[in-house]
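Below you will find the structure I want to go over with you.
Labels A, B, C and D are assigned to the chains in the order they are written; within every chain, residues are numbered from 1.
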Amino acid sequence: MNGIAIVGYGYWGPKLVRNFLQSGAFARVVICEENSERLARGLRENPGALPADSFARVLADSSIDAVALATPVATHHALALAALAAGKHVLVEKPLATRSSEAGELVALAAARGRVLMVDHTYVYHPAVQRIRQLVADGTLGRLAYIDSTRINLGLFQHDVNVLWDLAVHDLAIINSLTSERPAIVQAIGASHTASPLANIGVLVLRYASGLFVHLNCSWVSPVKIRHMLIGGDKKMVVYDDLDANEPVKIYDSGFTARTDEERNRLLFEYRAGDVYSPKIPPREALANLVADFVAAIRQERPAFSDGRFGADTVKILEAAEQSVTSGGKEISLSWK
Amino acid sequence: MNGIAIVGYGYWGPKLVRNFLQSGAFARVVICEENSERLARGLRENPGALPADSFARVLADSSIDAVALATPVATHHALALAALAAGKHVLVEKPLATRSSEAGELVALAAARGRVLMVDHTYVYHPAVQRIRQLVADGTLGRLAYIDSTRINLGLFQHDVNVLWDLAVHDLAIINSLTSERPAIVQAIGASHTASPLANIGVLVLRYASGLFVHLNCSWVSPVKIRHMLIGGDKKMVVYDDLDANEPVKIYDSGFTARTDEERNRLLFEYRAGDVYSPKIPPREALANLVADFVAAIRQERPAFSDGRFGADTVKILEAAEQSVTSGGKEISLSWK
Amino acid sequence: MNGIAIVGYGYWGPKLVRNFLQSGAFARVVICEENSERLARGLRENPGALPADSFARVLADSSIDAVALATPVATHHALALAALAAGKHVLVEKPLATRSSEAGELVALAAARGRVLMVDHTYVYHPAVQRIRQLVADGTLGRLAYIDSTRINLGLFQHDVNVLWDLAVHDLAIINSLTSERPAIVQAIGASHTASPLANIGVLVLRYASGLFVHLNCSWVSPVKIRHMLIGGDKKMVVYDDLDANEPVKIYDSGFTARTDEERNRLLFEYRAGDVYSPKIPPREALANLVADFVAAIRQERPAFSDGRFGADTVKILEAAEQSVTSGGKEISLSWK
Amino acid sequence: MNGIAIVGYGYWGPKLVRNFLQSGAFARVVICEENSERLARGLRENPGALPADSFARVLADSSIDAVALATPVATHHALALAALAAGKHVLVEKPLATRSSEAGELVALAAARGRVLMVDHTYVYHPAVQRIRQLVADGTLGRLAYIDSTRINLGLFQHDVNVLWDLAVHDLAIINSLTSERPAIVQAIGASHTASPLANIGVLVLRYASGLFVHLNCSWVSPVKIRHMLIGGDKKMVVYDDLDANEPVKIYDSGFTARTDEERNRLLFEYRAGDVYSPKIPPREALANLVADFVAAIRQERPAFSDGRFGADTVKILEAAEQSVTSGGKEISLSWK
């Protein structure tokens, strides 16, 4: 393909530029950045990349087939809209937008224009997550009963979004990639310990028609870093520890079964704790997988895995979560067509 | 003192008998158990213990000063009421009762009769918890901002109570022992994955007038056992890992401070990650500490630390949690005199 | 069977008494202990056990079929000799004797009298070790290339033996149970940090005709406790961590293969790191397994797994190790018939 | 200063180039590499670096003050000799040379020519090691009694040196940086499991006149990676776990003391296990510290910490270790002026 422009060279932009250069899929890789100092740094760090000092020029350049937006969330909607209107394929840093309605507009426009719209939910392309998806898909885990994730650390607070938009967005993308079902009910509770009203601790609960129960625990104020997810099926259970370099995915041959206790005349549930198996996870970088899917989606004229619809689903859940936080944890019902 | 009777020789009774024998505080240690086989086992396992085959005889025996109830929760109210009415000091296995109103009756009767009423919240007497209580009391942690506890494992389900009554009861006792403040608002959400309507996964959130935010995550269906509590103060933070035999308590010289990011014109919060200190925790058994406090309370005619009022507070929070679970996670306001 | 006498009620004796009582294999379980206070404690702790206040009476009592010696190591030879001479089956706490020649005498006498002589190398009957033995026997690991064990902690020094006799004895028993091969060369180096000349740190290296290389690291002066053994085969490798309650045995599908590096014209060995599998280890107590084997050996008139010969092999290696320590780490060659 | 040339752009060269560029201490940073493809990559990856296609030109260029050798070990002696003779300051990748005599020549020449000779023992400049050195220097640990290091993993075998030259070199540099004492006796035992005679498992023991005992366990054939060092003083003990990202250095208030056991009439040593303290280790890169010391040594005309003498000491110990391996673990005595 001809050219791709990465828009914004702050925290995430450099990773995209590097991966698009490494993929070799585009003849030209353009860095679009209005800040001249950052642009110069981008060119220095990436021999072979080309400069663009305005988004308008990128849109007007017919040799640029696709744009990747690594700009602040608040700009996603406007920039993606303009890029799709200009006939570009679009990759947007997560989350797709700040409101569900805006996400929907982008999805509709991409469909109308026949362009690829993809959201950069990098975790979805992580080899560990892909392995777990396979375990769900091939029935190894059985019916999903619950998912319980803890994603806490001590870090920079975001000034414009609460902790759920910053951290739970990863869990939601992972969970949405494991099952095609979407939650029927969303509840969230948050707490702030600063002058800002935005929650720095957030608890999110999702309930599904199938019975699946999801609990997410997010925090910016923990002295220890934890990235720990339990995925409980009625056959086997998985522990996904993103910080365990050696065994990030462990499959437990564990479960529970009902038993009647004659002596005490009651129904008891006995546990079964069996072998543990930890598959080797290939070390391939998640973002390289994502870039490959973006390129393939364009070439094969098919949706990417984390396409606009996928990204819009995540935004819809986060929007409901924020509404629930504001209302004191009330249940928010969601309908999905 | 003269005699104590331990009522019930099932799971917990043996531990009480052994500890009361070891304390040497009572001239006679009586096992009261209607099941003759269990009674025989109790006598065989505890040379020096004496038998009683009915609770009525214990009540009528004026040489028995105190009773310790290790019977099913549903029986606590009636048995404790009778024992207090008979002039006995009473130690009750946690929780004190199944309803707040019943707990209140017991507290009132104990006060009226001038008898010690104590609840066996063993964790409160655990050396690690006592050390953390000291860190809060002496101001080391600063003002408490949040407590976040995960208490999950794969185990026998209870037939008559949900997972919060079984597991969160421990967290609540620990938390109630760290601060004299009690929660203003309780919210809880549960999920059941069996024929039983009782939740086997439970999420409990407490909000306090001081700003303290508490989150408890309880489960009977996790393939891994976790007993992990974060206690965040505005000066330092503690991680209490009950399964870490070597360093159960770690004190982090960590926190966060506000900073204005000039470039992006926003308020940022920077983290501070400093030294970690793990005090040696003496290996003394928690239950021995508890028995010592019970004995001292009787002798000194003063309340035990986990007295009836303490136990009633825990029941009140659990009762509100159950009410919240049933109502779909609604906020339940609590008032404390 | 009729009766068994456990001789000595110090540290290990109580465990033997309890296990022989639980096995139910002997009609009478006798505690033989000259110290009257200890004897009284033994009878109190073990309702059903019978007393004997002298070893002579035990020997003279024809209703006692077997004796289990839990006395100081220095007494093993004399007591076991007397017991075998009196026609008893004998279980001896490890190590069998302090000298190889004495161990040999016991083996010979047991054979001559047709009695079971067994050494209490408890680890050999540990379910984790039995599982690893199975992995070696069924060829899963391939040919054994090396075993590397670290057994260090902070603990009471022994007054009469160096750290190898105290700690390496466990490793040697485990290793001798995994392979029938015995080491051709023994080398050991020790260090003492006290007034005592006996080493509190010991390094032991064994070389086998097959190429197997064994390295043991033992210490009484480590601030942390480690019980970590690597068993490397040319097909798979095992990590046995005795302190990991959840996954004591992990099987690594790892190895190395030769490759020629064309660019640098050299032979390189590439590693292969694959899946990890942790079999569920049944929680059965090792000593119960050992007692069962002792009983079965008597009944079936066959050797126990850790029989006199097995115990004598261990003594022979330890004796050579001590000789090497004394000589400054010289190679000691061993011949095995 | 004017210029520095980094010679060799293979595995280690790129790290040196990046760090010298970042230090800003030299006006010109030159990459000297005969392989044109590698040279091109070096220039592409390091905008600002300059090329040199032969070592001869570097030597002849009077504007180049210093050279850093990142070439195969076998070339160190000749290249460093030439560079010193040409009046350059020299930084050599570890180990300084393959023979003690060659290392001594380099040290002598550097002294004669008044040039800085430094060896790149990066670990010595690691913030964790520097913190431990401080704990030794200020007396916190007391007198050093033992050091016990395990450095094992599964990795590429070296074709020209045994595992001690590859792995123990790091331990020796760390240990030599903690104490100015050098070992009186060296013993080493190795094993090879391949066609190559070079050991892939190596055990190294050092004995010091002061009583310090050092044990190193190195392996290329372990399925798990361990970087674990115990440093035992008679006051406190340190565990240095290079793979623990959060708490690499832990200080144990642990030790042992003598006690007479009256009952058994023997000398016992009781352990004391106290608090554990983990100081925050600053994240600064070790190689940046090393480069800063090299620059300061040149400017201040003083030796670097890991100067030629320091590097020669390490070579001398490794040489003795190899001699001991070859002789079947014999004690090799070393004398130090």
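As a convention for this text, contacts are C-beta pairs under 8 Å (C-beta built on N, C-alpha and C of every residue); 3 or more make two chains touch, one makes a residue touch a chain.
As the structure is a computational prediction, the values presented were derived from the model and not from experiment.
The pair with more inter-chain C-beta contacts, choosing from B-C and A-C, is A-C. With every chain reduced to the mean of its CA atoms, the largest distance from chain B is reached by D.
Distance between chain B and chain C, defined via averaged C-alpha coordinates, is recorded as 43 Å. If you average the Cα atoms of chain C and of chain D, the two centres end up 39 Å apart. Centre-to-centre spacing of chain A and chain C amounts to 53 Å, using the average Cα coordinate of each chain. Multi-chain contact residues, meaning those touching two or more other chains, occur in chain A at positions 224, 246, 273. Chain A makes touch with chain C in their complex at residues 246-247, 253, 273-280. The touching residues of chain A, when paired with chain B in their complex, are 145-146, 148, 150, 152, 154-157, 159-160, 187, 189, 191, 193-196, 200-201, 203, 205, 207, 211, 213, 215, 217, 219-224, 230, 232, 234, 237, 239, 252, 254, 256, 258, 261, 264, 266-271, 273, 328-331. Looking at the complex, you find that chain D touches chain A at residues 44, 47, 224-225, 246.
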